Amino acid sequence: MRLGILTGGGDAPGLNAVIRAVVRAAMRTYGWPAVLGIPEGFKGLVERIDPIELTPYTTRGLINEGGTILHTTNRANPFQYPVGDDQYADCSDTAVARIAELGIDALVVLGGDGSLSIAHRLAEKGVTVIGTPKTIDNDIPGTELCFGHMTAVSTATDALDRLHTTAESHHRIMVVELMGRYAGWITLRAGIAGAADAILIPELPFDADSLCEQVKERAREGATFSIIAVAEGAKPKGGDVSVLQEGSGVYQPQLGGIGTQVAEKLRGVTRLETRVTVLGHVQRGGSPVAQDRLLATQYGVSAVDALARGEHSCMVAYNRERIGTVPLEQVAGGFRPVPLDHPLLEAARQVGTLMAE
Amino acid sequence: MRLGILTGGGDAPGLNAVIRAVVRAAMRTYGWPAVLGIPEGFKGLVERIDPIELTPYTTRGLINEGGTILHTTNRANPFQYPVGDDQYADCSDTAVARIAELGIDALVVLGGDGSLSIAHRLAEKGVTVIGTPKTIDNDIPGTELCFGHMTAVSTATDALDRLHTTAESHHRIMVVELMGRYAGWITLRAGIAGAADAILIPELPFDADSLCEQVKERAREGATFSIIAVAEGAKPKGGDVSVLQEGSGVYQPQLGGIGTQVAEKLRGVTRLETRVTVLGHVQRGGSPVAQDRLLATQYGVSAVDALARGEHSCMVAYNRERIGTVPLEQVAGGFRPVPLDHPLLEAARQVGTLMAE
Amino acid sequence: MRLGILTGGGDAPGLNAVIRAVVRAAMRTYGWPAVLGIPEGFKGLVERIDPIELTPYTTRGLINEGGTILHTTNRANPFQYPVGDDQYADCSDTAVARIAELGIDALVVLGGDGSLSIAHRLAEKGVTVIGTPKTIDNDIPGTELCFGHMTAVSTATDALDRLHTTAESHHRIMVVELMGRYAGWITLRAGIAGAADAILIPELPFDADSLCEQVKERAREGATFSIIAVAEGAKPKGGDVSVLQEGSGVYQPQLGGIGTQVAEKLRGVTRLETRVTVLGHVQRGGSPVAQDRLLATQYGVSAVDALARGEHSCMVAYNRERIGTVPLEQVAGGFRPVPLDHPLLEAARQVGTLMAE
Amino acid sequence: MRLGILTGGGDAPGLNAVIRAVVRAAMRTYGWPAVLGIPEGFKGLVERIDPIELTPYTTRGLINEGGTILHTTNRANPFQYPVGDDQYADCSDTAVARIAELGIDALVVLGGDGSLSIAHRLAEKGVTVIGTPKTIDNDIPGTELCFGHMTAVSTATDALDRLHTTAESHHRIMVVELMGRYAGWITLRAGIAGAADAILIPELPFDADSLCEQVKERAREGATFSIIAVAEGAKPKGGDVSVLQEGSGVYQPQLGGIGTQVAEKLRGVTRLETRVTVLGHVQRGGSPVAQDRLLATQYGVSAVDALARGEHSCMVAYNRERIGTVPLEQVAGGFRPVPLDHPLLEAARQVGTLMAE
């Protein structure tokens, strides 16, 4: 069997570790002749960019490196491919033809929601394809854990640790905006691990007045500081951010994301010194933590195992401590928010973390 | 309900995080009046050391601190308590009486195999007791994950990363001896995550000649370095370490642990420069990684939940991504090695890691 | 001798390490009877907050903790003390009286520009006072290095490392805004250490068009990514930020700090994907790096030594690898930017870092 | 000018950062045509191994990588070159001829004591050569700081931090053996930064009985733990290790290094639980800390500057916060221990660190 492999979408720690595991399992364990790395994600197929011959030797030392040696490009959907200023065309036949040209028997796609949906449509066109779930947001359906997520949680937790001593010794409110446009997994996990006093996530619209009241209550009880972890997709109840303006002295609607807006609200109402950090892409990079290296390695090996067994049109997935597969059609277009009865939410409440519900 | 809490046995990152979670869940969520910290583990009961009143306030900021604010002492088994030089007595009645004296309705024991066995015997004497599984070795039966384990794995992985560049650029064999007297979990996980070329664990006795042959084979193929991760409890086939002496120029039976012995053997046979690191207690300390903080928090909260439901004589446990409980009698005296069909072992083999079986 | 000690101004890693060193040197080495910790900075003097008796025992374990156990409050200048809404009074006599009341023979002030200026004025009123230079910005005159600075540099460098792999594998421009309102030390050091492609600091107003041109030139040469490190106080040539608007498609003057504005400009002109990170207070917190612990310890010890020798009205300072003292009057109100002929600037240019001068 | 560059001796974090800086300064700033990387250190010259053409492009991303892309081999002294089993010959003429063959106008040697002595002898044979001081031990004469040293200090400090909580909460004596066969710089710096209770370095032979007495005294005062940082070259007074045997119950002369011996002595005399960690090569690897990246970059740039000015037969050096050069003849064969009046030694004593002198 001749494999192709590509990485799609945003960055996540562990991409290189999956590539390394796929190459080793395919060539060493199964003795397959070649693994071709497609540069630049799906663009590399459509634009016929020369592939890279991957071997156990050339992928040595990759397990702890962030990024992807294959590089990638967002917005390179073969089914809606950019062909000019704001013009798009269906180039999926080109992609399919290119796969055949290269003699690729099966394609391994490392990607998130978008790339896995493309993989699913390529499968419908007859391509033998298998996916691995990559996103720091951890919101791909069908799997409890995506590689990259725990590294992002670790980076965010480290930032919360750093803010903690300053907040406490300098009586500050520290608001930190974390990634998660639609799902609050990073904020929930890092919020608990970093001992945030309040956690605001998209799944639980927050009551801004109640948040302010609780922070003031903390101050009255002697805790003259608060750490607020806010997912970038968090929303006030009713979804109307203008409620955040009331009581805020210096509110500016243009002033950036939800983190900044929550900070302005808190500053206006509580009169406490308030600071904002927007961690941004720092959460996407860096060497993967041990857990992500293990998960990425297992995903890579399991994808090759599945292909060897004749399975395809599926995504490798981690559920209840075991690696298995789920059909791509159950993944494509789907989304996995934090369930409102998730044990971590319950644990957060029990240790006293505010949700301002 | 009035809780007592104590920590027993060796150190593991996350003890303080569990204490914090128990105190918060008990006093904030359930409104229980008090949590008494028993200093020095079971010794604190037998010797009637003054307990510490724990509150959400006094346990603030503990989630990321290593060690235990309650301190502890090894070898303070109330059922076989040291009362003089090499003399022991059964002081368990004193311990039980002390629990009553302090008005403790339920005792939370944070411990490993030894402490949980003591907890089980106290339960048989009528004490309401619940355990949480603490060991960096991860070898407590009934749970897939003990808090502290992933921090130890992370510390060991970091050491392997550091050794890697030196090994590769300086053509060295680097042997690193990791903790794990009876179980190879740390070595298996850190070995995969740190890209060790060979992993030697107690569950799989190794063939020393085969190991040397494979390292020489690597050198012939151009990989003029090797990283060997050895659990302190790893053993050569047949269990007779004297087989390690053959072929070794400078073998000294007194020369420390298995790591040193494997290094001497490799140096003698391969004639490559070889270095040993014995990480030791560095693996037991430090701030817990995010995953351990989450697990410790969930264990603490779940222990209180279980007591509130009327459950006791059990240990909180993590299985298939969910927290539950298992009876202490299934835990006491037991042991959980790496199963020979564990997916991680299979993944290790598929990425080319030698087991020298 | 009876010492008082207080911490003023913003947070910097190493405050606790200085406190520990002062207490140990004073009480152990010189056998002085007491070190009183004044809580909340100068506010603690004016408002007669109960001091904390510090001892070698109570300051144990502090060397690696961020923040300050004495807490502090910004804007608590005794010479212009807030006494009502926007009303201020000179309460310096109260502060001086309080020092006498407490029997304090000499006061150690850990602070930055503001706090050291206050210290200087207290000295003029007859208080025996000595300062230690604390600021992550490293812009206090009279010393080459302030404690806390290298930890901030380390945190910023780590962020740049994380952004690097993403930038490279995903063809992104990453702009990271670092602290430094008036001086570019953090950005200069972290920019070099983190291999930023361009460094923008307050001392060297930048030419926005030249910056864009150079980034486009990099892209033409095949380097389809760039990392731009911007100090929060960086300014375009002429100081008029409106020059940043030209060529920018989506420029919004209200859109946050200079980092965001530079990013918008680059996005508009180069048409490359651009992301911003504002690290913020993450740079002020956390455990001090080894170098800061050493410096903080030496500052604490040297302050006590100086007092023992009869020196005061001065600040301990680090120059040419030696600790000495400089008179407070040379420090107060002063400021230390990056000299335009500093060897680090020259080194940055030689390794190809753009300054867009 | 055509440069050659090679790395010699043991590993130290920052080698790659120096290589990157040399290449960039030579080719970008001075427009020199080529920098040839000589693989395997001096062996690459003697055995005419093909050199590697280095460019700013091929050295991209190297600033934060441990090891050396040029690889190296210990014991490849051209003046005493191994030519058979235990046979050596002077191959220095071959090395000199090879330098001419490759058209190398000047050779940059990144090395420690051994490699710089070889560089000095090559200079005497007419080779234009310049050195940069590389050693984690920091014991090269003529410079206050070698690159790699502060990363080793940082790694050792992190280990001490991890041991601290365990020591304190479990009442242990923790002995950690750090690198430094002849000089105690790592142990001194990491010992202070990691708050070791005692520091044993080669420059100050220790009194074992006094050490034991002081540890017992600490225990009597309530500090039931101690952290002892021991340089591998530390020696008891008189230099006779047999004094360590007295009072030790289980002393075994074969039992490894000085760390283990000190631990046995302490265990025997104090009857406290004692553990040893031998950090070993972990101290030599990993990504350089920010300070080492800055120093390495400055050294690389300054070496090229010096050659451009016509300076050679010297080593770049860091003294009193400035980079300069010192003649190789002042470096070769020399050695720089911790001076007994060094301010860090004094600071250590003042914060209560035992030297057991």
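Order of writing sets the chain letters: A, B, C and D. Residues in each chain are counted from 1.
Simple rule for what comes next: a contact is a pair of C-beta atoms (placed from the backbone, for glycine too) under 8 Å apart; a residue touches a chain by one contact, two chains touch by 3 or more.
These numbers were taken from a predicted model, which means no experiment stands behind them.
S.K.: Have a look at A-C, A-B or B-D and name the one that copies the C-D interface, over half of its contact pairs being the same.
M.R.: A-B
S.K.: Go ahead and note the Å separation of the Cα centroids belonging to subunit B and subunit C.
M.R.: 41
S.K.: Please compute the C-alpha centroid of subunit A, do the same for subunit B, then give the distance between them in whole Å.
M.R.: 31
S.K.: Can you list the residues of subunit B that touch 2 or more other chains?
M.R.: Within subunit B, the residues that touch at least two other chains are 161, 164, 168.
S.K.: Taking chains as nodes and touches as edges, what kind of graph is this: line, ring, star, complete or other?
M.R.: ring
S.K.: Enumerate the contact residues on subunit D facing subunit C in the complex.
M.R.: Listed in rising order, the residues of subunit D that touch subunit C are 20-21, 24-25, 28-29, 56-57, 61, 63-64, 144, 150, 153-154, 157, 161, 164, 168, 189-190, 192-195, 222, 287, 289-291, 293-294, 297-298, 300-302, 304-305, 319-323, 343-344, 346-347, 349-352.
S.K.: Sort out for me which residues of subunit B touch subunit D in the complex.
M.R.: 7, 10-11, 15, 65-74, 155, 158-159, 161-166, 168-172, 174, 252, 254-256, 260, 273, 275-282, 284-286
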